[in-house]
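In the two complexes that follow, chain A is the common piece, with chain B as its partner first and chain C second.
== the complex of A and B ==
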């Protein structure tokens, strides 16, 4: 009796939670079918009873008078898929290194990198008038070489370990995005002047979003990869299998659920990202979040149009999530850890 | 023979191309940017079609969210990325954009097409520091929207006159406006007196400015509505502004419930759906009412109310006038087009601007649904038949009459245009919302705004702000 009461209570709470979770979606869905007057003259809930549904908002959206929807959808799909794949791929490799190798980075080595890169840039750009992209390239290479060399010296001071490196990755996402977004815009503008157009380009957006997604990928994959038994890799090493092969043919397949989960999370972040897209694109590679935000115009909140845009934006993510979710449950994971 | 035929065909094609492309911008692609459509962007797209046919050039209309247009344009122009050949923006941003914009070619500043633009736009809003930096492509102002079904109802007329002692007609003062709002405020019948925007971020301050213009835009002290044009001292806490705020707040009593959450997008369907007896708004309320609303055929537009008393900041007293002085407020001021100085195709870009604002193309845009373009040329007011797709004949007459009367009013009030516009209006909205919510007294809110505005003026540089303000109101440099 007590169990049945608890079960009923749990079911009731779940249903309430379900209602709260689904109501916003339902609201967006029905609003997309409302005429303007039905939106602004008090709440209406049920089509054909409370209001007469119309497809006008969908017609407006798909006809292009509210902006080109197809271009941004295509841009979003291409950029987010490629950037997600790159982020997860590079992030997995970085995470694997953080799980399997011990890094020791002297603080003085890091300081050397900072001093050479900043001081060198000021010198090259300010004194010798070398343009920003070339000055950056030169000082970053020099600073990297110098800091690696300094790291090998028996210098005093703190030594940073793997946890510090992981924190450094994650810290990239801690400061407000505008800090890096605007800096990236300036950098891209300078690189464009030097002859490589990155603003409003596929390459520029993929590079930006790969950097954007990398911290998430490293952070999440580090946890997933740490669950892979090291004995399996040791057994492979006994058979004289190289580290690269071990990573691609043993570790990654065993971490497939983690790869998929990480991909979904990184994809969602990139798919919904607004600020980078706003600053770094104009007409050719504008992404969906810009278009959705644009439905709120100088004429006020046109909720019917915003709802249609939101529905259109949700659909690709629902499809991707469904496919990845299915993959996670399917036999594709037969090689993964049970 | 074959060679002759080919030569003939090629010559014919070349001649045809020469005739078709005037001027010839073959191979030129213009990137023209503004807010997401349909408003304004669709008008640019329509003009692009005719421009492409005439010049053989190509136009990309690039759309961004309205809220992001200002930083997007400013960053692109200041970094000289050359992203845009023409930009559609609002006059309030012109002070910040002007250093990065090219000047309209002299050839466009003459002739009948130029003279056809109303002087309020041609001589004031399009000009910065004596140079024409932009071209108006949309005329915007607040107008009073009434309902003919209520105003012309004999029973309502008799009842109103019996209660207030004067005939029911278009209110010419704000006192009459509130009389009518109170008279028609019948919540039990589902009818409310009026609808105004009060929500922060919902364009509330423009509605407040419309009230304030009537009490602060003194005809003898031009340019003194927002700041003292001699000292740049903020005027927003003077008794004229206080009266405006008290009246604006009083309007809450006659608005539908929850009015503090209403933005401009909400007041339109309230009027068009017949929920309120009137409102004041840009042309959108009238358009919506006559095309999709429950009050179709009953839309009546008038110039916004005025006042017989205006605060004189020089003599520090109220000045009385024998006749009502109308100070219609050109809220927002309409959309403008300009050509950034870093455009690679300035000549073609200005040619496109000329196409957009030409009497033919703009004349079509003003009567196209959802174009967001409102009249700004004398010729736009001439042909009532053009408006048959939007308004009935009576509605069109009142719509155009209200627009023209507002523009022609000798004491027309221009919107605030100043470097740092967003900083000033952000402060304004914060304190205004507190006053409307009853968290602070109106005078205290206005004092706080004035203090912040003066601090901002110091921050931006008092001398440069003063020079900019004087330029914005058409006063000569000091």
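== the complex of A and C ==
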């Protein structure tokens, strides 16, 4: 008896939530087909009954009389596809290394890196007046060489393992993004002054988003790759096939569903990302979220136009969500979400 | 992991270095420069050569009312919305886990909000909560209430932001809690049912404590992610009325890109980083004590 009331309550809540989740999406969808009067004379809900649907808003958007839509769409597509591919690819490689090999990094070596890089930068930039990008580059090389050397020495202190390396990758996500986005903006501006324009450029955005997507890629792919059986690889090793070939010809093909799922998730994050795009682009490489955020002030209450813009950004993500939903139902993702 | 691991395989560096270098160069290294900038007074407009000012930027932030105001705004949005997300997300996950009628349909629709760009969500919310033309106020009128200016009164605007965050991120909680529920050992619950223990007690004595570690992690992720909020606010209210709905990230952005006060923004982002680190440490310490008491 009690069970049945609970079931009823659960169903009721689910139905309410269904309405709550679905209504805003329905609203933006129908509004895109509304003629201006159906917006400005109060809320209308059902096409053909409340108002006569029209494709005018879509025509306006596509013909470009309401500002350039294709530019931001093209840059969003290019930047997010390339950055997703790069971060999933590099992330899988790193994840594979973290699953199959053991890393031992001395805490002291990490400290050396930090001290040399911060101290060295202040010294070079402040005292010797070397410009920021070069100072950073010199310091980076010096600090890396020094810390690799220190890592080889038999020094005391804690030794970090694979989990710590994974945590190092994932912890990038815990930072407030304004910290790295703003720092990156400052750095890109300096690099631009030294001759390589990165602000508002394809390369700059792809680099930023690759770094942005890598923590997810490493974290998710580590779980997917750890389910690939070692035996196959060991058999291949007996046949003297190199690790790199094993990775590309055996491991990657075997974890294709995982690669697909990871790519979808990373793609969704990059496609929707706002803050980096806001800080790092000014015009040529503006992405869709920036265009959409701008609709608000430039369009006022022209909701049909705003809805079309929003729909353009939403539709690809609906497809992504549907693919992921199907994969989830087949139980693929249940193992990876821990 | 162990079998091939002991050998000194140099190839492992080839696998990890590219990813490591990109994160290091793009995410970590700029921080060094930003850190030095945060101790300087750098203005782009009017352009003044950078000048070392020590801790002045930090002192100015800590004594500015706008900083504390935006901290308070961010914290209230985050705490209210995460509480709602957790409760609703968990209950929906329970319902789905017990195969409420039509649960396969819900699974896809419930996922959707998570994948929609926050700027789009905010634009939709602007339409839905419009004082005269939006459906929410239309429904209010239907029931005889007056139109409510949701977006121009600070407390209401904050409530709208909480609703938006809850709308968008409850699916995340549902997804993870559902995965957790599916991983629980079925025998324990069978035994409890045989012993005639009611569903209420079964939940509080078995399900909830067993999922506590997962809950702690899920809430942690949501809190940390929630503190980053800027896009929704940027579109929905622009921080207004006045600065009443300005969040920390938006405040930092405004300092840097409207006032061109780069030193301040750098300092602000580091203060923000420290706030998140302190907060995360405290949260994890408290959560650990809580889990231990239950275990």
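Rule of thumb we're sticking to: the second predicted complex is superposed on the first by the 267 of 338 C-alpha atoms of A that agree within 3 Å, B and C clash if a C-alpha of one lies under 4 Å from a C-alpha of the other, contacts with A are read in each partner's own complex, and residues count from 1 in each chain.
The working rule: a residue touches a chain if its C-beta (ideal position, glycine included) is under 8 Å from a C-beta of that chain, and two chains touch if they have at least 3 such contacts.
Nothing here was measured: the structure is a model prediction, and the numbers come from that model.
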Contacts of A:293 with chain B and chain C, given as first, second, both or neither: both
Partner chain(s) touched by A:278 [first = chain B, second = chain C, both, neither]: both
Touched partner set for A:315, first chain B, second chain C, both or neither: neither
Touching partner for A:324 - first (chain B), second (chain C), both, neither: second
First, second, both or neither for A:155, with chain B first and chain C second: neither
Chain B versus chain C as contact partner of A:301, first or second or both or neither: both
When both partners are placed on the shared chain, which of chain B and chain C touches more of chain A: C
Touching partner for A:91 - first (chain B), second (chain C), both, neither: second
Which of chain B and chain C A:235 touches, first, second, both or neither: neither
Doubly contacted residues of chain A, that is, touched by chain B and again by chain C: 39-40, 182, 185-186, 278-279, 293, 295-296, 301
Parts of chain A lying in touch with chain B, wherever the complex brings them together: 35-37, 39-41, 60, 65-68, 182, 185-186, 189, 192, 199-200, 278-279, 282-283, 286, 290-291, 293-302
Contact footprint of chain A on chain C as seen in their complex: 1, 3-6, 9, 11-16, 18-20, 22-27, 29-37, 88, 91-92, 94-96, 98, 100-121, 123-128, 130, 132-135, 137-138, 167, 170-171, 175-176, 179, 182-183, 198-199, 224, 227-228, 230-231, 234-235, 248-249, 252-253, 256-257, 262, 265-266, 269-270, 272-273, 276, 280
Chain A - residues contacting chain C, complex: 2-3, 6-7, 10-11, 13-14, 17-18, 20-25, 27-28, 31, 39-40, 42-43, 45, 90-91, 93-94, 96-103, 117-118, 121-122, 125-126, 132, 136, 139-140, 162, 165, 169, 172-180, 182-187, 190, 207-208, 210-211, 214-215, 218, 226, 230, 233-234, 237, 242-244, 247, 268, 271-272, 274-275, 278-279, 288-289, 292-293, 295-296, 301, 303, 306-307, 309-310, 313-314, 317-318, 320-322, 324-325, 328-329, 333-334, 337-338
Contact set on chain B toward chain A in their complex: 31, 33, 35-39, 41-42, 60, 62-68, 72, 75-76, 79, 81, 83-84, 90, 202-203, 263-266, 268-270, 272-273, 275, 284, 288, 292-294, 332, 370, 372
